[in-house]
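Chain IDs A, B and C follow the sequence of writing; residue 1 opens each chain.
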Amino acid sequence: MSVPSYVGSMKGKDFINTNDFTQEEIHAIIKAAMDLREKYWSRVPTNYLQGKTLFMLFYNRSLRTRNSFEAGMHQLGGHAHFLSPQDVYTPTLPEDMIPYQTEAIADVARVLSRYGDAIAIRIYGDAAKWVIGRGNRVIQEFAKWSTIPVLNMEDDIYHPFQALADMMAIMQVAPKPKGKKFVVSYAYSGGLKPLAVPQSCVLIGTQFGMDVVLAHPPGFELEDHVIKAAKENADRYGGSFTVVNDMKEAFRDADFVYPKAWSPKRFFPPYNSKVDKEGAMEYQNRFKDWICTQELMDLTNKGKYMHCGPADRGQEVVDEVIDNPNYSLYFEQAENRLHVQKAVMSMVMG
Amino acid sequence: MSVPSYVGSMKGKDFINTNDFTQEEIHAIIKAAMDLREKYWSRVPTNYLQGKTLFMLFYNRSLRTRNSFEAGMHQLGGHAHFLSPQDVYTPTLPEDMIPYQTEAIADVARVLSRYGDAIAIRIYGDAAKWVIGRGNRVIQEFAKWSTIPVLNMEDDIYHPFQALADMMAIMQVAPKPKGKKFVVSYAYSGGLKPLAVPQSCVLIGTQFGMDVVLAHPPGFELEDHVIKAAKENADRYGGSFTVVNDMKEAFRDADFVYPKAWSPKRFFPPYNSKVDKEGAMEYQNRFKDWICTQELMDLTNKGKYMHCGPADRGQEVVDEVIDNPNYSLYFEQAENRLHVQKAVMSMVMG
Amino acid sequence: MSVPSYVGSMKGKDFINTNDFTQEEIHAIIKAAMDLREKYWSRVPTNYLQGKTLFMLFYNRSLRTRNSFEAGMHQLGGHAHFLSPQDVYTPTLPEDMIPYQTEAIADVARVLSRYGDAIAIRIYGDAAKWVIGRGNRVIQEFAKWSTIPVLNMEDDIYHPFQALADMMAIMQVAPKPKGKKFVVSYAYSGGLKPLAVPQSCVLIGTQFGMDVVLAHPPGFELEDHVIKAAKENADRYGGSFTVVNDMKEAFRDADFVYPKAWSPKRFFPPYNSKVDKEGAMEYQNRFKDWICTQELMDLTNKGKYMHCGPADRGQEVVDEVIDNPNYSLYFEQAENRLHVQKAVMSMVMG
């Protein structure tokens, strides 16, 4: 078995936010993912991580992430541990320690670094006490102490592997995404959802020089540091980044639309003095008309429908749209999770 | 390593009910299982599913099933994911969806189909809301949407891998089971138990031309469609199928006896307007004398004792019987689970 | 790949208590662990257990044990199942059976023996109903019925793999431990902790001819049978074993100190008529001054600090001590768990 040159090419690096990497590096990851997809489909063995171990720590539920990481590690010849926080002594920030139930992340990270080859973490929402940024701080704390790569399986700010999978899906349709109109839109859901997906979407879209339009009702603003980074990306990579408050306007002539729920940040710390879930849900409920319908899709430039999954059918999108194989990339995005994760793991763990 | 011809010989097929297959196909599975048993015992490598992934979704507890599937996949060079419904967004039928906690089986099945090679499901009893047939419908829904094989690890109608393991145990004693007397009998337990095991037993027994006697008190009838299929099997394959209400009468001259608890269906939908667990348990409690004792075993034709496990000792059977190595097949049946499952996985996933 | 001679050299043996083995056997294990550590660090493949399965049954939480066993099995080419008692029918002693929720250990052990290659169990504290010795009895019951090796991942009497890892850490500093002063000391924690670690520590220390000093407040005596065995070890192997009630006195001129909490046994059966957790905690709280500080470390002979982890920082030890890389063996001990467990598994499962 010949080992491709990308294996080990980013050895030891953490993967927490796509914007920590250059456009060239992200390109290289997606190129590696395409190679791995080809090999997966044609059943070429890819044992690049033989004997290696990934520790997966899930503070939240997961279907796509858990199964794509675990299957992906096996396909690479390695093995992934599925760890629930309650099965270990819950790894915790210094200020959240509960004696005899938790263990300092500093210690957990250093111990796991002795046993295996990377640590992957998912933490947002209730698991991060709905203090926006606290999930990301948990991951940063792991990265600070770990001597092996730390992978962000979605926190409350970023979902970098989803963004990679999304860009890969875009490039399967438009190999040169530069100049294409990419709409990241709020869509209604009754549930509370983190900002991670839309924030990572606008970052990767602008990093590839796309004309990114962010659409949402008032009150659903993304975080300032993300808006700033998206604008800088647009300037650097020759695309654009605009924000509108009208779903219809945004969809017009779009090449890709990504209607997805998130919750208004001003009901949660640090943007609020307390966690106000009821306030957030009440406010969200005013925007039930932000749903992706066939009429909206008809406004696009034969645009493709995108969603990270699981979609709240009947709230964020109608079945007619998400299940239309002519333009829905829903299952391609899900599949691409497998390939981009295998790419990053091969590069940082190989 | 030379790959046996059975690997991949039923590529892509679901395995939900033994009666979906011809006698020849079931024979071929058991023959493959015997080959795999021989190789397991003599430590011959059997990496026929290298790099392949099985997703195991357990809505119910399991010792034998989980460990035999997971160890079996590893022995075949592959890997099995152990998935609890609460760790993923619980895969759910359309009518049972709960927003933000469940995900449509249609979506789960299509996503997992992108990541791996087969989906195995166990669901009955509380997990299927005690509506008889609802567990089977969950599995059928997975099969409808999945593009990879779906394996039934026990639902509320069938337990096909148990039936295969049982027939393999029978054939270890009687290589030609045709004409042997096989008694599938109710035995008392205070717990609520599905119909799956006795139903799959009478189906596979008749499929092999055995003289199958089903014994149970009044009120413990199997489902009509199973009775009909068992009779058709008996006609087609030259055996017989009779139902009696007397344990002693049934045991007389039996070659194999399988005393096992199940719950009376008329207390549960669709055979009742509501789920009446208390009614079922109260009714069951009238039949504490349906216990497999040495006296009953003495009536048989040096018959073998069988049970799928876990047996309710002191209720279904006395220790003296189940632990008698001269005629108890209890641990052989358990071991055979490993071999028959590896056989089917090799055939449908290879 | 050439297979070292230690692989399979203790084929089929259980590993429940280090004192069940001769000094020579324990030496051989640590020597094998050093070979495996060297190979781990230099990435030499060690597929000595290809296709083999370890069943891990965790009645208690675990970070180090679970991850080091699971990663270790993968590094040896095998696979470990992570089993929670609630996912299987909880394996149970005869007197603790609950119909339809538990399964007799006798049956579980015999079934798992058909599917794989070793069974590892962790059980103490609440999981063993705080009856001291009941956890050990569960493991003995598994060993009685299992036909494959049973490994003790910590019960309420012994923690043999921790003791091996500790002795390996000691030998990394002092290749000939004989005559070195090894202090196993009580240190305060508000939590309830088993006797397993200090008991296994004094046993392995005396088995290697060390001058073992056990230090604790009155009421924290170890079990008589352990004290007796430690004295016999000291006599046989030319070391010494003394008990003192003063932490300072113990630390003076020590080469290795192991300050660690355990709970006073006289509040628990069989040493008490009932489980009295409140009494134990109240009594423990009198000894908050038993904490490992820099001042205490300064009394030693440039002694090394040891702890099995997770340490209760601020109770058992101050951060300044545990995080001082000049003398803290904390993370070495944790890493050694991986190597010694791989050594024992290679020897008994190979």
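Definition applied: a contact is a pair of C-beta atoms (placed from the backbone, for glycine too) under 8 Å apart; a residue touches a chain by one contact, two chains touch by 3 or more.
Fair warning: this is a prediction, and the values are worked out from it, not measured in the lab.
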item: Labels of chains that are neighbours to chain A and to chain B; value: C
item: Same vs different contact residues, chain B with chain C, by half of numbers used; value: different
item: Separation of mean Cα positions, chain C and chain B [Å, integer]; value: 40
item: In chain C, residues with contacts to at least two other chains; value: 79, 82
item: Of all residues in chain C, those that touch chain B in their complex; value: 50-51, 53, 55, 78-79, 81-83, 86-89, 99-100, 103-104, 107-108, 110-112, 114-116
item: Footprint of chain C on chain B - complex, ascending; value: 43, 45-47, 58, 61-64, 66-68, 70-72, 74-75, 77, 79, 82, 84, 189-191, 309-313, 315, 331, 334-335, 338
